[in-house]
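Note that chain A is present in both complexes that follow, paired respectively with chain B and with chain C.
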Partner chain A sequence: MGEGAGEGELPMSIKVRVPTPLRQVTGGLADVEAAAPSVAECLQELESRFPGFQERVLDETGEVRRFVNLFVNGEDIRFLDGLDTPLKSGDELSIVPAMAGGA
Partner chain B sequence: MQTNGHARALTLDQIRRYQRQIIMPEVGSTGQRKLLDSSVLLVGAGGLGSPAALYLAAAGVGKMGIVDFDVVDLSNLHRQILHGHSDIGRPKVESAADRLREINPDLVLATYNEPITSYNAFDIIGPYDVVVNGTDNFPTRYLVNDACYFLRKPLVDGMIFRFEGQATVFQPGSGCYRCLFPSPPPPGAVPSCAEAGVLGVLPGIIGSIQAVEAIKLILGEGAPLVNRLLIFDSLPMEFRQVKIRKDPSCPVCGDEPSITELIDYEEFCGGPAASALS
Partner chain C sequence: MGYTQGLVCRECGAKYDLAPLHVCEACFGPLEVTYDYAAIRASISREEIERGPKSVWRYRKLLPVEDEPVVDLQTGFTPLLKAENLGRLLGLRNLYIKNDTVNPSFSFKDRPVTVAATRARAFGFDTIACASTGNLAAAVAAHAAKAAMKCVVFIPADLEPSKIVNIAVYGPTLVGIRGSYDDVNRLCAEIADRYGWAFVNINLRPYYAEGSKTLAYEVAEQLGWRAPDSVIVPTASGALFTRIARGFQELSDLGLISTAHTHMGLAQAAGCSPIVAAHEASSLTVRPVKPSTIAKSLAIGNPADGYYCLKTIRETNGFAGSVSDEEIVAGMKLLARTEGVFAETAGGVAIGVLKKAAESGQLDPDETVVVYVTGNGLKTPEAVADTSRISVTIGSTMDAFEAALRTQSALEPVHA
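Now for the complex of A and B:
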């Protein structure tokens, strides 16, 4: 439990929804639990657990790739605080890549 | 939706054919007439286009256009239910036309056995009320999005990858595909175009959702999937949604658009499994 966590408070838990193409780095996991105070730190945590995760979401300059979108509780982080968007326990972070398939 | 002067009464055969949807108050004979007077363009007669075309023809959409330059291959048949074993080697638009006319002989059908490009996109899309996108590659996805925006056509979009799919509706003025994904992934970002596979049923679900949305747009009933991206994952069997917004900085439909004409992107990855991140 982090500093300042109140008595009886549950450990922080963010639910990360992993899209199909990224599941090859999460060992097939579609949902991953994380504990981080912002989207950027959440991606760092996931990178430490699943090497290669972050580079598939962020480009060389650390920005979200243009063919990937991140949503916190269904809201696009581009319309929130971007990668600085804060996370709290119970939040859901969805990673949604462009998909081309249709045939 | 085009109407031919005063609304014509339905024929007895039409009443019998469509009675199960006419009896619903959301459709009625007025709604059925809207469907019969409507036109829908399907880009792709493959996984998504198959169920969408079948259901739209059955529902009584009066005019349908189908664009596809491919021929039927044995490996298509586990998911592309417009086509059968005896169609192998035939142009998909021909196979589709036979099947759709069998389902509804009243359907007026136009087939385009050619790739859709910047040269023909406006001519092909122009005559239709609604566009259903069932393409299998990024260049066509962006081309169809941009053309629909420039022509102010509603676009019912769907995408599939393995066990997962997405669907949404872009209505002119409410945002477009580029508000969500401003540009296609660069060639290097899609390292492998090898078949990653798709569950045969998956396009059946997403393509059917596209048919529902097209019918709702024509009828003017219900809440279309506008500003919402529906995400379906068949492994945990979950539907969820995220909000999508019109982006003021969108290169096509934003306040200061940088793209004002159609673009033919390099065909860097045309496989059905193409996906960013893979």
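Now for the complex of A and C:
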């Protein structure tokens, strides 16, 4: 589950893992496919298909919300190039709420 | 009946029913439990609390449970020790150690977990889980055993051997992840989304975090119902730090103590100090780091509550400090040799930062200072493995003993 219609025709395929709080805008989908050369453009593409998606992840200034973490293949994008982090076919973008623990 | 009302988003104020939910659907902000403080105020008193059980459950009205039976290992009400020797050394006349090394699974984590396990069972979960730097996994596994629930815990695979025993002995499914705690946590967030388990620090986090408030309640009660002037809290994600501050504030709001004025001191290991770095840069934005420290229980590079910690430091006119691995080990030894408390590495972090704060004049000689020592030294014995030495070994005769006694230095303390 997770692949929308017609996505097999896209030149590249990024798997996006959608956390529970965002699934109300993806119609319940936990995984969606996207095709975009960077994290920022991937979020724009998802916004065009799932209106409301981007504003849940980014704040008014276009920065990642304080309590959202974005990972490309398991690496926090703040250790990469932030929203400009490039994406290639087969990459996995995870959207994960901030978590507690430790001590 | 409990006194909980529901969940509220700390960022945008959206309200939710009491459910196993931790993230606001509108803005991803953290959800927190709300209470009917007017009703609590009308029914709570110092005397009633003092008549209660000698555990965290004496503060039941301030914890997010209803009338369900608790999963109880008699956590809490740990000693508050007046640290005369250490205080004399550091020029502090009213220094106290909150000794949380003596909880059922040997760290403060039993406090949040007794609450989370109680709620997990009430919500109808059959499996309890967590992502952990080690101490939390032990607490979850112990409470799962007591509650006869299934248990799956996730840790970085390179954890200290003693901590692995301290978890595995309770019989959970123990999953080691090749990676840091932050990697474990990210994976667990995704697992929590897919499996219907009670992850205490993920979907049960609003309930779990509240258990740590008891570290403020107990200290205030043990000081004769007053808040300390300053505290020092070893900090990883920041949940403990922010909840201790809230605990003092709640007692003040309820009239159980006079105005809370505690300066909140935050302690991190230099090899993982993203909150201290932000504080020193006068920023409220925490930049994540890749941890590299012997204080593995504090090795969280991406602290979820970092922002709220920074706000708390500002609001309480508090402070923040970090110490090197060498200073951590020195802190562990100093605490053991002056006060007889054997703490894990996080305790060494707290003592190291205490020493710096005392030497820099951050702490006044007469103020009441409480240092939270949150985990037992037997969890991380390798940090002080160089102390594993016998002064002298002799045959079992008086002659042999007296011969040794005549040797210059043979019977000096192992670590003078």
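Just so we're on the same page, the second predicted complex is superposed on the first by the 88 of 103 C-alpha atoms of A that agree within 3 Å, B and C clash if a C-alpha of one lies under 4 Å from a C-alpha of the other, contacts with A are read in each partner's own complex, and residues count from 1 in each chain.
Methods note: contacts are C-beta pairs under 8 Å (C-beta built on N, C-alpha and C of every residue); 3 or more make two chains touch, one makes a residue touch a chain.
As the structure is a prediction and not an experimental result, all values here were calculated from the model.
After overlaying the two complexes on the shared chain, residue contacts for A:P19 are found with chain B and with chain C alike.
Within the superposed three-chain model, A:L29 lies out of touch with both chain B and chain C [touch as defined at top]. Across the two superposed structures, the residue set of chain A contacted by chain B and also by chain C is 17, 19-21, 24, 30, 56-57, 65-69, 71, 74, 76, 78-79, 94, 96-103. Those residues of chain A lying in contact with chain B across their complex are 17, 19-22, 24, 30-31, 56-57, 65-69, 71, 74-76, 78-79, 94, 96-103. Residues of chain A that touch chain C in their complex: 17, 19-21, 24, 30, 56-57, 65-69, 71, 74, 76, 78-79, 94, 96-103. Taken in their complex, chain C has these residues touching chain A: 11, 22-30, 108-109, 130-133, 135-136, 179, 181-183, 185-186, 188-190, 193-194, 201-202, 205, 208-209, 234-237, 239-240, 285, 287-288, 290, 297-300, 302-305, 307, 346, 374-375.
Every residue of chain B that touches chain A in the complex is listed here, in rising order: 44, 46-49, 70, 76, 80, 133-138, 141, 158-166, 180-185, 189, 198, 203, 229, 231, 233, 235-236, 240-245, 247, 269, 272-278.
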